[in-house]
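Next come the structures, one after another.
You will see two complexes here that share chain A, one where it goes with chain B and one where it goes with chain C.
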Partner chain A sequence: MREMGLTAQNIERRRNFVGLDSDDSKRIVRIQELVEGHLEELTSVFFAFLGGIDEARPLLGNRDIIEKVRLLKKEHLSEMVRGEYGTDYIEQRVRLAVVYSNAGLASRVFLGAYHHMLRALGVLVMKHSEHDPMAGFESYMSLKKVAFLDIGIIVDVIVFERERVIRQQQEAIRELSTPVLQIRERLLLLPIIGVIDTQRARLITDSLLRSIRANRARVVVVDVTGVATIDSKVANHLLQTVTAARLMGATAIVTGISSEVAQSLVGLGIDLVKFNTVGDLQGGIEEAERLIGYRVIQTTDNGAAEHMKEA
Partner chain B sequence: MVPILKHGKFLIASIVSALTDQDLIQLRDELANKIGQVRAHGVIIDVTAVDVLDSFATRTLRDIARTVKLRGAKIVLVGIQPDVAFAMVQLGLSLDEVDTALDLEEGFSHLRRGEERSRHAG
Partner chain C sequence: MPAETRVAIDRETDIVTARQKGRELAAACGFASTDQTLIALAISELARNIVVYAQRGEIIVKSEFGERRGIEIVARDQGPGILNVALALQDGYSTAKSLGLGLPGARRVMDEFEIDSAPGRGTTVTVRKWVR
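Right after this comes the complex of A and B.
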């Protein structure tokens, strides 16, 4: 509820959209007893419609779900005519909608079923008020406002649930795209791959700064081997990242600037004297180790050393 | 008011609250005096608790750094928060002239490394 912004204020607004007020509640309560008497029948209309539709299979195929949904639907109908449309009512709607959404029920299918049920409800009301058709019609029209309030909620929930998956994937992509790796105590590696735009540069800088703090890093190797082109904008982003790292007391070493990129940077007249650059990632890591005070010693004599000797 | 603490040959100024421009200028003057009084070799300015460094603060910090250097001491600025660092580069403030370190501890080891180096050189 909170995630979707369904506050008391928002619910009030939703009621205003469909024009639902206390007069409507009074008119609806008049038919409460009638509807309560036909709950089973009206619920059946809803599910009978779904039964004839292929798209509704996932919902109707599972016995547990269908029992639960029938119960919730009956509850819905009886709540619908109680005349109270506050937070509790909306909460129930959201709960039912989440069940629909989890069962993969499309909004268009739901709308069909709901419309069938409303029609049956209308017929019921009109039959009942033969002596005063005007009053019956008014009650029904008020009920329709509630129905539209419901539809608004349910469609929103279905859309929101579907977007949740997209949001999760976006989050995953974002996290994957800016890994900051610790390769030694106090030494971080930031491999940048792909296109850097303003938003991504921000994320990269942000996660780097946080990692510097968390890992107490002294040196950061920024590897741009995977960045195909560096224009003045990207260079500026990189410069900002490097400067921000320095403000936090970490030295940044930029590696992997290819010859084409180097030439184009020089051609663009971009001054990168502030960059501490080393040719490739290996060299960058070696330089970083030297800065921190590591010395790497080979302990076993392997093939590479043999080869060197022979040469 | 920023208290200036003495620790061995080093002075530590820890900025704990939002500073007015006046406070910064006062800090600069006091530091300049105190370095002479206690014959300090190094100064650490700790901004861990500061959540914004604007252009005036940055410029004053740079002036403090220059003053301290002229008085013959090393200076290191420690504890810039990630958000502050990010905001500063966005504003184009880079504090190139001032050495920086992650926190107080790093600041000390930075100054000590500097001392050792100059001792070797001398």
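Right after this comes the complex of A and C.
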């Protein structure tokens, strides 16, 4: 529920979408007794429809599931006419939807079955409203709002469950995509590639600070060549990371700011003085080595010797 | 050919979607690479404000091919609105502990800027940039 953002506020919003209010509840309660008396018959319409199509086989083929679903469906119908459509009601809808989703029931198949059951319910209501057909019709129309509330939930759950796999993969990629590399003793490299959102920014800061401590790093080179857009939020994250690194005794050098990004930062009015910047990654590493006190000297191998002779 | 794209904004990933659509449209419009980035930046800031302050809203990106070629971005929400618009347009002012550079920054990188906001009425920001 919480994962899907189904808060009390969201549920109220969903009720507003379908126009469900307390007057509807009153009209629905008028047919409560009638529907309660026909629960078995109405749920049978739902499952009879599913029984006739191939796509529902994963759901109907399993006896354990089918018993559970029949029970939940009957509970659904009975709750549907009780007039209360708060958190408890929505929780039940989610529970049933998760069962559908796990059984691989597609939303179009569910919608077909649900439609047939509602039609049977409508016929039943009208048959018992001969004395006042208008009242019967009104009750049914109010119930239809509940039905659309249900459909909204169930379709969202089916989509949400399907997207779960994608989200898990994204999480995995996110973990992989923020390596902190040690180049030399006390010199770290943090290459940032792609889109930085709040969560990823936090992850980057965390892993960098941990690595600074573990490697007793003096200098960190943060390379942003792979970041296409730096807006004020991302710039703020970078600033905070640089400041935190400084507090832990490490100097941060930012490299790879493209001309577009540089103009963005100037446009935003970000104080670049706080960034210790060097044009490209190579220059940044050289600067870092100089800060720590390394000197890199080219050995005279064959290639270099040849070159020298020519000169 | 004039084009229009709408992106519903209600979570952080929508900001990236809006930004990418804006960049595509800006490229099709004939903007240079730097200007494309600045347009994407403005969209990013406006969409971010929607997520942070109003939770949901929309970004409309329109390319114009009238007398002048250019792009128009409308960021609209029905959030709480801005109490003091003049203050919100000042550098470094923020009610959300951010840098406070988003709105003034978006204004600086674009050619035209309009804002309509009042408490309880929501906020609409319209910005335009012309191909030079």
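By definition in this document, the second predicted complex is superposed on the first by the 172 of 311 C-alpha atoms of A that agree within 3 Å, B and C clash if a C-alpha of one lies under 4 Å from a C-alpha of the other, contacts with A are read in each partner's own complex, and residues count from 1 in each chain.
Everything that follows uses one rule, which is that a residue touches a chain if its C-beta (ideal position, glycine included) is under 8 Å from a C-beta of that chain, and two chains touch if they have at least 3 such contacts.
This is a predicted model, so every value here is computed, not measured.
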Task: Using the touch definition from the top, say if A:A244 reaches chain B (first), chain C (second), both or neither.
output: first
First (chain B), second (chain C), both or neither touched by A:R162: neither
Message: In the overlaid three-chain picture, which partner chain does A:K233 touch, first (chain B) or second (chain C), both, or neither?
response: second
Task: For A:D197, select first, second, both or neither according to whether it touches chain B, chain C, the two together, or no partner.
output: second
Query: Which partner does A:T205 contact after superposing on A: first (chain B), second (chain C), both, neither?
result: first
Contact set on chain A toward chain B in their complex: 202, 205-206, 209-210, 212-213, 216-218, 240-241, 243-250, 274
- line: Per the touch rule above, chain B residues touching chain A in the complex are 78, 80-82, 84-86, 88-90, 94-96, 100-103, 106-107, 110
Statement: Within their complex, chain A touches chain C through residues 195, 197-198, 228-233, 235-236, 239, 259-261, 263-264, 267-270
Query: Which residues, counting only chain C, touch chain A once they are in their complex?
result: 12-13, 16, 19, 33-34, 36-38, 40-41, 44-45, 48, 91, 98-99, 101-102, 104-105, 108-109
